[in-house]
Amino acid sequence: MPEVKFSVDQSRKFAEQDVLGHNRWHPDVPPAVTVRPGEEFRVECREWFDGTIHNDDSANDVRDADLSIVHQLSGPIAVDGAEPGDLLIVDVLELGPVPQEKGPVAGQGWGYTGVFARENGGGFLTDHFPDAYKAIWDFHGQVATSRHLPGVSFTGIAHPGLIGTAPSHDLLARWNRREGDLIATNPSAVPPLALPPLAQSALMGSLTGADAERAASEGARTAPPRENGGNQDIKNLSRGSRVFFPVFVSGGNLSMGDLHFSQGDGEITFCGAIEMGGFLDLHVDVIKGGMETFGIEAPIFMPGRVNPQYTEFITFAGLSVTESGEQHYLDSTLAYRRACLHAIDYLTKFGYTREQAYLILGAAPIEGRFSGVVDIPNACATLYIPTAIFDFDVRPSAGTPQRVDRGQCAVSS
Amino acid sequence: MPEVKFSVDQSRKFAEQDVLGHNRWHPDVPPAVTVRPGEEFRVECREWFDGTIHNDDSANDVRDADLSIVHQLSGPIAVDGAEPGDLLIVDVLELGPVPQEKGPVAGQGWGYTGVFARENGGGFLTDHFPDAYKAIWDFHGQVATSRHLPGVSFTGIAHPGLIGTAPSHDLLARWNRREGDLIATNPSAVPPLALPPLAQSALMGSLTGADAERAASEGARTAPPRENGGNQDIKNLSRGSRVFFPVFVSGGNLSMGDLHFSQGDGEITFCGAIEMGGFLDLHVDVIKGGMETFGIEAPIFMPGRVNPQYTEFITFAGLSVTESGEQHYLDSTLAYRRACLHAIDYLTKFGYTREQAYLILGAAPIEGRFSGVVDIPNACATLYIPTAIFDFDVRPSAGTPQRVDRGQCAVSS
Amino acid sequence: MPEVKFSVDQSRKFAEQDVLGHNRWHPDVPPAVTVRPGEEFRVECREWFDGTIHNDDSANDVRDADLSIVHQLSGPIAVDGAEPGDLLIVDVLELGPVPQEKGPVAGQGWGYTGVFARENGGGFLTDHFPDAYKAIWDFHGQVATSRHLPGVSFTGIAHPGLIGTAPSHDLLARWNRREGDLIATNPSAVPPLALPPLAQSALMGSLTGADAERAASEGARTAPPRENGGNQDIKNLSRGSRVFFPVFVSGGNLSMGDLHFSQGDGEITFCGAIEMGGFLDLHVDVIKGGMETFGIEAPIFMPGRVNPQYTEFITFAGLSVTESGEQHYLDSTLAYRRACLHAIDYLTKFGYTREQAYLILGAAPIEGRFSGVVDIPNACATLYIPTAIFDFDVRPSAGTPQRVDRGQCAVSS
Amino acid sequence: MPEVKFSVDQSRKFAEQDVLGHNRWHPDVPPAVTVRPGEEFRVECREWFDGTIHNDDSANDVRDADLSIVHQLSGPIAVDGAEPGDLLIVDVLELGPVPQEKGPVAGQGWGYTGVFARENGGGFLTDHFPDAYKAIWDFHGQVATSRHLPGVSFTGIAHPGLIGTAPSHDLLARWNRREGDLIATNPSAVPPLALPPLAQSALMGSLTGADAERAASEGARTAPPRENGGNQDIKNLSRGSRVFFPVFVSGGNLSMGDLHFSQGDGEITFCGAIEMGGFLDLHVDVIKGGMETFGIEAPIFMPGRVNPQYTEFITFAGLSVTESGEQHYLDSTLAYRRACLHAIDYLTKFGYTREQAYLILGAAPIEGRFSGVVDIPNACATLYIPTAIFDFDVRPSAGTPQRVDRGQCAVSS
């Protein structure tokens, strides 16, 4: 086990740690620690909602979740000698939930998948699921099961939902401008089109006083992925992956969090995959001038070799036609949404509620692929569910689907 | 080898075959043949452009391709006893290029990937590639190489780009209505938003006279995938797949074509994957009343077990921000387009032209995945290129990329 | 499809073909055809028992099979410029059963797995199965099923059981000497320890008269694999494999046959895997002086990328202790035999007869691995059966195994 | 992380722990702890040589290793209610090296592969490698590299080399009898044919006094695998595996040790794979009467889903002919030995010493398969090396192998 370079006490709030992390992107957040190229080290992370989501059977905590506090990031970690224009090589050597015994914080032997209420962030299918839901997962090695989703069990594909380098001032300004422009097109949208800088609940690492206030008022929210990586929610960024990050500030200033025990492509439930606190073991190195040499403006990566293997899938295709029959033009987002809805319809035939099915798709190792994207006017998107995650036969056949009462997930009151 | 139930003479045009296929969807196209549930049989297919694309070094044929003639479909094949509301089980037992010796028609030992000119259909990246391009691929068993793309070699993932059941009159009317509504929003768009029914060049199987004329004037164009399956361009619908199609008319009336030797997710070049004529060996069966039993409105499928295996990939992520920096809201289509453009930029560092790189992404077994789709405002899409398809080291490293002159693909004059 | 360089008429005996192949290894068998380095071509093959095993429900044909006629080899194929000391590169581009319609010869839509009687060759478990047995398999694309083995269905891993270059006179003499020495230790063993040269039924290609008689009297039998490759029965030498053969005579003189639709590791039933006639599409090239450059005395190869994928297995371990409890010293052969017997015992709990279980292990894509080979005195060998080949749940559980009457394979009268 | 049920202090010898384990199999060794069916728990293990092999550049420690002390086992762990005739379900939820920081004991961030000298146990190739050798591996997440084997890097397939239930008195007597019989055939063999009970260095858990002396004098050595599982050295018994053990004594009394970070099939170097101390997280359950229900006399298992994936291999085949040309009869052990030797010859062409090559084969995720086992008189065995474990191109080609000085492993003085 490599040396811990960023430590988290899972019994204390993020704001009460000895070394503070941050929850906004800003170039002025000072490095919490500096490492050398070639170094291997451990970073501990707190789950993204700072312990406010509980291992219980009510989704009220998800309903009331305060989005201003996310994401709880560990870092920044500066790498000696990294300068703007370089590529930062980051190897995800290992990662996992909190390695100590079971406890009350997600990652301590359990995790959660939530669906935000429409009024509080929503999700990919918020028009169909306007309320808050939750499922609790128990970890058994790399396998997850849930008392809220009986009959399901799968090997997770763990990854950091969020990892990225710090933006430069210029890049940050660009982000704020373009996102502000989008918000301006419909400032009252519910859920909002984007999240503007927000000083409330902002944590800016070791920055204090007026510097902290100014940075908080400018700092980019951590929800979206951007050119620095960030909240990409790429499930395949799992054990053994090598990522090449652009460096925008001296030292690179790498930060990370939002660890997922598992996730389906899209993280469609938003809140989210299987969320957990835990740790990341990293190795870092630098390619001098790599951004120009390789023409790289945003992170690229190579997946590892130990992703869970499944070889039998049931696959649903979606088109860019809305539920009410309106034809859209080559809209893969819509096509994937329809594929998800088809899968949900299907799973209800086996006794799951629609909410349960939605949570399964958000958490299990689901593949979501772009199929046709040029066949005007219909995009085709496909969603692959491994059949082996169910303890019953989920395949269509001449017989009747094995429909039993499978209970319900946690709902809000 | 099972009995040939639909035969094609590759030396003759589609309209000159003994048994005519069709190139429009319409419930009135009579079955060309009827098979029994449980039967196995072979269907021969002509490449989608009816032999008008040549094994040469000019893209003029792609530039001048007549979209009114596509797709050349083999069928309809009626299945005894299949009735609306049933599910048609179709097993893709085997498929491949034309099994006879080399010849002048795509599928006879070779295939092509083309990029349409913007004025003639365009493609996923038509704003960046407004002209026509082409690459010719040679087949070596399941491996493809191209004189236009030196240094590339891969095992194809063969599949029918297009396979589907006939629509009912009601369903057809719904298609025409919704697509007409879309076209009406911008009738002069280039490329067009959708393709309306078009009698010119229509082939309606054995339908003749006024019946044929009426059907041709109503028949849905074959470009888009729809609820009947059709041109889904799902690369994973490969050998050993089992598809469950909704049945909308008596007999189901299955048709197919647009065979691909290989394709990257999205078929981003539009014209297309690696196009070929060839054959499909199928097994069919029926699940009575399966649409309601399993809640299925559009085809679902289970992929086979012999897809080409690659385990090392270089991955590009894209966001829903345009090339000019405009922020869009959770647009996975745009995000995938940006991922493709990043990959093209990268490959040019190794000596490929941008056109060559585009053609590689359209043809090779590229994975295109939905990553985050909820992290407002940015969707994240990822594109995975197997590193082993190159005969040089395509990974980023501290060294310099191995940049050599790799020539050029076929261009138009 | 590449040009056919060695053609077989499946309706005629091997000895009645226009171009004769051979069934003994001898350097004097003249090339039937010569190809150039870089060339791609097709070779047609007859099933190893020349059509004497029938698609019926009696194992009498297997009981009476005449081992003096095997193997029916297509070739030799000389490669221009290949000289002793070179390496011959052979790419297995594609292979499969007879591509014409169903017929009476194995490979024409069906194949067989047999168990030889002890008096006629025996098999890996001949002490337990002294009689002849047979199962007929039907081919559905790359999938096999058998009326003699209900409940089983799998994707085959097709390969040439036998492919090799011609030996030099020196090498042939060495083979005959060492095998003769072994036979001499127990000339009356049943089954025999090895098969000496045998003029009866010998076919020596185009060699005639006294030359043929002399060569037949010296020619090595084709049963064993040797330094030239030959009957290696390596199931992973499947589609897309690249083999590097030592060249011992001018031209290399490559011959092949004994095509298998599928095989379990070990081909434990001897007669054999799933046997079929069919075709091989090959590409050849030469590495001059490659034997010394790479230190190669026997073929090496690189498997292809389209082997059937299974991810769930039930695994049996065997030790080098005999069924009667006698301890042997690090004997992996015995350990694998015990693993096979354990698997057979297990499968009978689900209703298969022991003979049926034996045939399944010989034909299905079973993995047989060396596990510990140093832990004195017990070798450990492991046998992996994909659970998905059964249409019932074959895993141990708290419940009772689903034991039903599964009939019986073909037996001898 | 589950509760630790068997704890090891890595800074103290095995005999100095608070709770003693054992290094002989005997039914009278009392359980160190009892768990309930359904329980999940952690077991800590010490590396098999109790810390006497050092992270240095001399193989003297391997040369002088005292085989009487192995294996250091953690346990026995009794499972409530398990009775003879039951099956014990053991899920390997997770395992890994010592989770604390780097230190002087194997497993603390590093491991070793050794080759025993012929006089001290030998190995699979002891006739060719009569002396002691060693390589030290550094762990980087699941990846191993070695300063003694430059150019090699791979993802390990971690597993317990040894895990098993306690034998009954009857079974133990049977073991001692059959192994004694074997030893009696050549009592002075070097290395010995088997290891008889040996009181010297025996640890019998909490057993004391005369009971301990008697048990030590009867206890079976732990080197060989047997019907209780034990030292099977099955590399595929990795993360996520489910094992079904026969129960021979009340409680089952499960013990384990000999953790491997990685291993090639066969563990041909004997001392051994990549050896480490570490931990195992287990889940246990019981199938009442399962031995008879499922016909099980020795452990069976189902591998997990997260084994490292490689898709390109270079493969060597071996025959049952000795290095001096003597023909043996269907001897897969010999065939695998020859395959190993061919692979070693090959790797020396790229600059490795023969000792280095031997160590690579013992440690890397090498596949060793039974190919033909019936083709009299030659068995064929195959050994698959993933090409991606080398940082150079290890494939044969028309060019010259990239031969550079790769130093040497640790040797003995």
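Letters A, B, C and D mark the chains as written, and numbering starts fresh at 1 in each.
We adopt the following convention: contacts are C-beta pairs under 8 Å (C-beta built on N, C-alpha and C of every residue); 3 or more make two chains touch, one makes a residue touch a chain.
Listed by chain with UniProt protein names: A, B, C, D = Acetamidase/formamidase.
None of these values were measured; they are calculated from a predicted model.
Peer 1: Chain by chain, through touching neighbours only, how many steps does the shortest route from chain A to chain C take?
Peer 2: Tracing touching chains, the least step count from chain A to chain C comes to 1.
Peer 1: Does B-C or A-B have more contacting C-beta pairs?
Peer 2: Higher contact count goes to A-B.
Peer 1: Report, in whole Å, the distance between the mean C-alpha point of chain B and the mean C-alpha point of chain D.
Peer 2: For chain B versus chain D, the centre distance works out to 50 Å.
Peer 1: Centroid of chain A to centroid of chain B, CA atoms only: how many Å?
Peer 2: Once rounded, the distance between the two centres reads 32 Å.
Peer 1: Measuring from the mean C-alpha position of chain B to the mean C-alpha position of chain C, what distance in angstrom results?
Peer 2: Chain centroid spacing, chain B to chain C, equals 39 Å.
Peer 1: Which chain A residues reach two or more other chains?
Peer 2: Where chain A meets two or more other chains at a single residue, that happens at 305, 309-312.
Peer 1: Okay, in this complex, where on chain A does chain D touch?
Peer 2: Spelled out, the residues of chain A in touch with chain D are 1-3, 40, 91-94, 97-102, 109, 140-143, 155, 239-240, 281, 283, 304-310.
Peer 1: Across the complex, what residues on chain A touch chain B?
Peer 2: Of all residues in chain A, those touching chain B are 87, 123-124, 174, 178-179, 181-182, 191-195, 223-227, 229, 231-236, 244, 265-270, 272, 287-288, 290, 293-303, 305, 311-319, 321, 325-333, 336, 342, 345-346, 348-349, 367-382, 384, 387, 395-398, 400-401.
Peer 1: So in the complex, which bits of chain D are touching chain B?
Peer 2: Touch list, chain D to chain B: 309-312, 388.
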